[in-house]
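Both complexes shown next keep subunit A, but they swap its partner, so subunit B is in the first and subunit C is in the second.
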Partner chain A sequence: MIASSNGWWFPGDAMSPLGKRIDELFYLILGIVTVVFVGTQFALGYVIWKGATKKDGESAEFSHGSHSLELIWTIVPAFVLVFIALYQMDVWAEFRVQSYYPEQTQEDGPKFEVTARQFEWRIRYPEAGQPLKNQPEPQDLYAVNEIHVPTGRPVKFNLRTDDVQHAFFAPELRVKQDAVAGLIIPVWFEIPVAGEYQLLCAELCGWGHYKMRAIIVAEPQDKVNEYLARLKEDQDFDGVVKDAEEE
Partner chain B sequence: MLVKTNRQFTILTIGLALVSFAGCSGSSDYPEAFKSRFVYSDRTDSLIAEAQNGIGELPGVKKLVDDRFGDPQDLMAWTKLPIDFGGISGKLAETPDASIAVKELKISFDGELATAENETILLQFVTGTAAPSVVVVNAWQPETGLASLSAAMEVAPAAGDEVIVGGGQKLVHGRGLYMRHCSHCHGTSGDGAGPTAQYLTPRPRDYRHGVFKFTSTDALSKASKDDLSRVLRNGIPGTYMPSFVPMLNEDDLADVVEYVRFLAMRGEFERKVVSELASDYSEEAVKSRRDSGESRKDIVEELKSFLAEDMQDSLEFVTDDLSGRWDSANSEDALVVPEIARVEDTIESRRIGRELYLSKTINCADCHGISAKGNGPQTTIYEENPVTKQLYTEPGLHDVWDNVNQPRNLTQGIYRGGRRPIDLFRRIHAGIKGSRMPSFKNLKHEDIWHIVNYVLSVPFNAEPGHAPVATSEDPATAASL
Partner chain C sequence: MATVTPAIESHSDGHAHGHEHHHEIGFIKKYVFSTDHKVIGIQFLVTTMLMLMVGGALALAVRWQLAFPWENMPILGKIFTGEGGQISPEFYTMLFTMHASVMIFLVIIPVLAGAFGNFLIPLQIGADDMAFPIWNMLSYWCMWPAMACFAISFVAGGATAGPAAGWTSYPLLSALVNAAPGSGAAQTWWLFGLTLVGFSSMMGSVNYMTTIINMRAPGMTMFRMPLTIWSMFITAILQAFALPVLTAAGFMLVADRMMGTCFFIPAGIIVNNAEPTVGGGQPLLWQHLFWFYSHPAVYIMLLPAMGMVSDILSCMCRKPIFGYKPMVYSMSAIAGLGFIVWGHHMFTSGMNPALGMTFMTSTMMIALPSAIKTFNWIGTIWGGRVRFNAIFLNCAGFVSMFIVGGLSGIFMAAVPVDIYFHDTYFIVAHFHYVLFGSTLFGVFAAIQFWFPKMFGRLMNDTVAKWHFALTFIGFNGTFFPMHLLGIAGMPRRYADPYLHPYLEHLLPMNQFMTISAVLMGVAQFLLLGNFAYSVFMGKKTGRNPWDANGLEWSAPSPPGHGNFDVPPVCYRGPYEYSSPEAKAIGQDFILQTEPPVDASKIAASDTKNVH
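Up next is the complex of A and B:
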């Protein structure tokens, strides 16, 4: 806890609601593991100390098997493990099982597609008001290494890869999902606070792995719409600047 | 000291050793094995040794290149080149009184000279009698523009002499980034032969031809700085060139662009100097000349007199051409701008585009194929290498880098030079430089737009080989298909 409050080795605060729950699980498990680790180390130390303080001539006791001891150290950890297994289930389901994704994402459908490739992230948005299709549509909008999402609502997107395996890793959001060749994987996250968040590749994908850095920009929905409008304007640019726009 | 004097041309010397190994005696302390080197091109190596290395005092190709560009540890900033080497330049505001020792200079800088405390300011003279000497400024007063020097100057400068502080900073910064992020594919010398290059198809660009494919400039112009930075920003889909944003910030991008232009100009300068010599003094030419009765000694004598008497003119010509073309690429005149806005993307426009695509005069289908799959009849011919005059061993169209470079399959919707209508317009208007995609600059701009509209519709037609037809009676619905 001291280390945590000082930020030693620990990731900063999770920036998504699900991320906060993942963190709670992490710290719970860390607590259990700490108790077990310290306890067993003390027990080991005690046994060594006992043996070392035996007087000369005193012989060691030999015991073989203790039924009750065996039961205790099997059942207690089993309970702990089963408890963890059950306790984390809803978080896991919400994170990975599509039918448990937030209702909002089920209604909205995927908002954009992220295609990882050596060594960048290519983003494809559908035309405003249109659903995202798996195959490109004529009016789709394209971006590289920059994702704009609305704040305060769960956003689902499709993750795919053009070549080898990559992993979509947004550390502040606690999202890490492999992109697997041939699969279209729906992923979701929610960002309550507007800001820029990191996106990295977390699967060593080649010599340019480190180059796969991108940003996720969370902002109010109208700002996202403005961004998409800008993207569309740029994508439709025909090189002719109207006189009116030139002043 | 960091300056090498060369009377024939002005050069600023940028010492890496000075930057990162302050306190050591210089770049000679750098372990030999860890030094980066610019390599010379194969064409340089094809010359006879005397042409490569010079004869006596007369420099050969290698020295001519090295004097102007240096090596990665010790870059030269040849001021003739249209490169923003960085630093703050200024002019001497007053001619100092030469009757007493010159220990103070009045200078007006173009920008603000921001220096940290205790930082040594090195002031280099770019023009005038004192160039290219460097003086150490002990104290700088921004209000009065007075710089106190640590020692009296040996040669008195005059008002109007150009000076620079921190010259070459941009190039040094660009080099660092280039070496980290780019050189493993594009090579230390920009020869497209870095260690990871062999795994890539298509091959990374070899800058040394001075040719970049995807430009916004007209058919005869070089790539502009904006073109290069756009590629760094967006990457090139369909190739291994990734986007470098947000990893690099705006300043980083600009500096990498300058360094890439520097490498391109170095390579091109070398090529052009070699071209001055290749027809008479390549190993092959010398061999055939000897076969026809000339003695090697006479040939070397002739080379010597060429280097002594004619080389200077050749160099001036090469330099002016090089710097002029790289400079003018950034001007507005070089930019391809359509005369009319994009023709509305209707079924009718696509149909006209399709007709033009197939027409005898334009004949896109000859390379890109009737079905636009990049499989036209030209893709199966055996081409002649324009340099060696021999047939390539592989069929298909070749680019100036001697790689097979087949026409794009337009049904995939991957546009290497960008997917904006203006990008496609420029590809057709200016061609794709270095490749067999020619310039169609004589086409009416309206017709180019029709072709653009057709090409952009190709990936979404079930049968791209067929002329687009309205599938609905309502033309508005059909147009948005």
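Up next is the complex of A and C:
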């Protein structure tokens, strides 16, 4: 395809298992829609061509329609549409209905909290070994515009906003969720492959809306632990440096 | 029999003559503060065509920024910014907010309901005017304070701080004065403008319903009404039931902004280092109220065009509309279902996920009547004798683009896929295919089709064909690639998407789209020029230049005060093209006012045709 060879297509294959299923649904609908598109546009072109090239003296057909045709083109699309609707329910449930979230996320609970604000993402991790509380704790760790998550397991986090509405959009993961003032919304995703993934804002939040750029770093659990330890060290650093180390 | 006569007003008829003498009116009452539905319709039409150019200019500025970010925009940029023409991010948010507001509230809704609703309803049902002519006048003159409010909102907050919350004005961006440079006075004026537009629509809608129910000519039963009238009727009902919700929500938002209430504001929110909010409200409430109006409004912006295109297609193909009653029922179904699909704008909003499933199902269902209508249009052309003029081309463009817009909607109706597409350019592509590709092509067709009835003259068909061709090419060049941008994950409302590495390679495509958009914008001058020239210099024409059936074609062109020289009586449906009855009188059309033709004559012409 011209589009995909120029990169005018998805930003890479979906990097999360749920994203892959979303892509599959997209291709399924694309298939159905392409058939209908080609069929109807061809039919339209054909009837126009036939109608515009009628010979002189040939008059238009006199017909008010056809009951059976109406029935056919009501019932067939109805089945297709209901099929499309029902077929998607479980992906949606897994993405958004909490009781359908992967079991591991239910056991683990939220691993961190992402707070959107004009115009950055603030991330709050609980102290190692502690569960995340909705109210900030003194030992919590903070980071800006950089999220570290372990690979190969579903990760759940809490999404909220400090000010206006924002939306957590990770295009490679096919994840999008609005952050709404006054609500704490649990979101989950899973990244099997280590790497850096884009995070941006998808809900108009002011003049700097386009600038809310952040990255999601997926890496093995021990690397995440190292990162959190480093973060703790930085955060606890009080500026007092021993002379010996200064040498 | 009302034969086709030259466009002179009939003064021999005692009724029309006497009628005019009673209303000896001056210039101002006749052309400015007029209560005549035709003058009001034309006023709406001219105003909206000018607003179309304003909205288009705003769109071109948006396109400029996406193609050549941070570079000085030639011509328009200097007008907009008064300086070099560089578009700042705050100015950019204002541009797309006002582009949408102008196009939706000052172009599409008023051109359909205001211009064509006003002009066509009394003429097509055989009434001498609207039920409430003074309300009708007020509905037009409410537009001017509304436009003034929108205009003030451009400058109220300072040069770069126009309303910046998008046309959807989601709180808290729109509720907290400190949330953005444009969230101050500009936002308040914008809300006032919105309310006034609502007043205008409401007065129109009550008028249309009353007129259509009470003032139909003898014999004009509901199922003999042209589909234009059906669509206007259904639209008026939609307006009447949905609009109060938006107006109420607008007042609540104004109260939040000015009177310290907290309908949409939760507690403890700090924007821009202002005091924390007191709170107690919920921003999602606005989204529900807003879309409860604005989803039906999508159909308010589409149904009348569907009705008019049905009328015109049938006439241009010399063939009855395929499935008249299914068309009526499917429009009613669209209107009914239109009230229970608003949640599909909110799939990622954080509302209860169970609602996502119900809204997905109802949204899929609303695709069905749209599909039925499309098949019926194709069926109408099928076997017809097509008059291949610019009017027909615009109608065919309407159907073709509606198919694209309808089909791309299925992706978003599917919740899981919408997770990815929500707030990307895929959505922008979709609604431009519906609102521009469908509605505006329908409007272009309608302007040319009813132009002779408005002014007694024809528009130039060659120029109109060029206008169609250039618009069609420019339109697809601009909006089709937006699907690809959406698939590539480019979000809406970004002043500079290329800040994000994965979007950098989309710049050349955006430049191509902008060039197409400029082409499309320039092409609109052909329409304006053709329109202005033809009003005064166009070829004069008679009552019925298209050999159409509707009651309006039995009135003089242009119709005088009171419309008809003989009170019309309706004998049949509006789409009896090429019927045996028509052939018996030697034509391929038969006016709705034509008394029934003798059965023996029909039989005679039938046997003649066989030989």
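The rule is short, and it goes like this: the second predicted complex is superposed on the first by the 231 of 247 C-alpha atoms of A that agree within 3 Å, B and C clash if a C-alpha of one lies under 4 Å from a C-alpha of the other, contacts with A are read in each partner's own complex, and residues count from 1 in each chain.
As a working rule, contacts are C-beta pairs under 8 Å (C-beta built on N, C-alpha and C of every residue); 3 or more make two chains touch, one makes a residue touch a chain.
Bear in mind the structure is a predicted one, so any value in this text is a computation, not a measurement.
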Touching partner for A:183 - first (subunit B), second (subunit C), both, neither: second
Subunit B versus subunit C as contact partner of A:169, first or second or both or neither: second
Which superposed partner A:213 touches (first subunit B, second subunit C, both, neither): both
First, second, both or neither for A:234, with subunit B first and subunit C second: first
Partner chain(s) touched by A:118 [first = subunit B, second = subunit C, both, neither]: both
Touching partner for A:193 - first (subunit B), second (subunit C), both, neither: neither
Dominant contact partner of subunit A by residue count, subunit C or subunit B: C
Which of subunit B and subunit C A:43 touches, first, second, both or neither: second
Contacts of A:8 with subunit B and subunit C, given as first, second, both or neither: second
Contacts on subunit A seen with subunit B and repeated with subunit C across the two complexes: 118, 207-208, 211, 213
Subunit A-touching residues of subunit C, taken from the complex the two chains share: 88-90, 92-93, 164-166, 170-173, 176, 179-181, 265-267, 269-272, 279, 281-284, 317-324, 326, 348-350, 353-354, 356-357, 360-361, 364-365, 367-368, 371-372, 374-376, 378-379, 381-386, 388, 396, 399-400, 403-404, 407-408, 410-411, 413-417, 419-420, 422-424, 481, 484-485, 487-489, 491-497, 499-502, 505-506, 509, 575, 577-580, 583, 588
Contact footprint of subunit B on subunit A as seen in their complex: 117-120, 122, 136-138, 142, 144-146, 207-208, 211-215, 234-240, 242
Complex contact set, residues of subunit A against subunit C: 3, 6-11, 19, 21-22, 25-26, 29-30, 32-33, 36-37, 40-41, 43-44, 47-48, 50-52, 54, 58-66, 69-70, 73-74, 77-78, 81-82, 84-85, 88-89, 91-93, 95-97, 118, 162-165, 167, 169, 171-172, 174-183, 185, 198, 200-211, 213
Contact set on subunit B toward subunit A in their complex: 181, 184, 196, 233-235, 237, 240, 242-247, 336-338, 340-342, 413, 419-422, 425-426, 449, 456-457, 459-460, 481
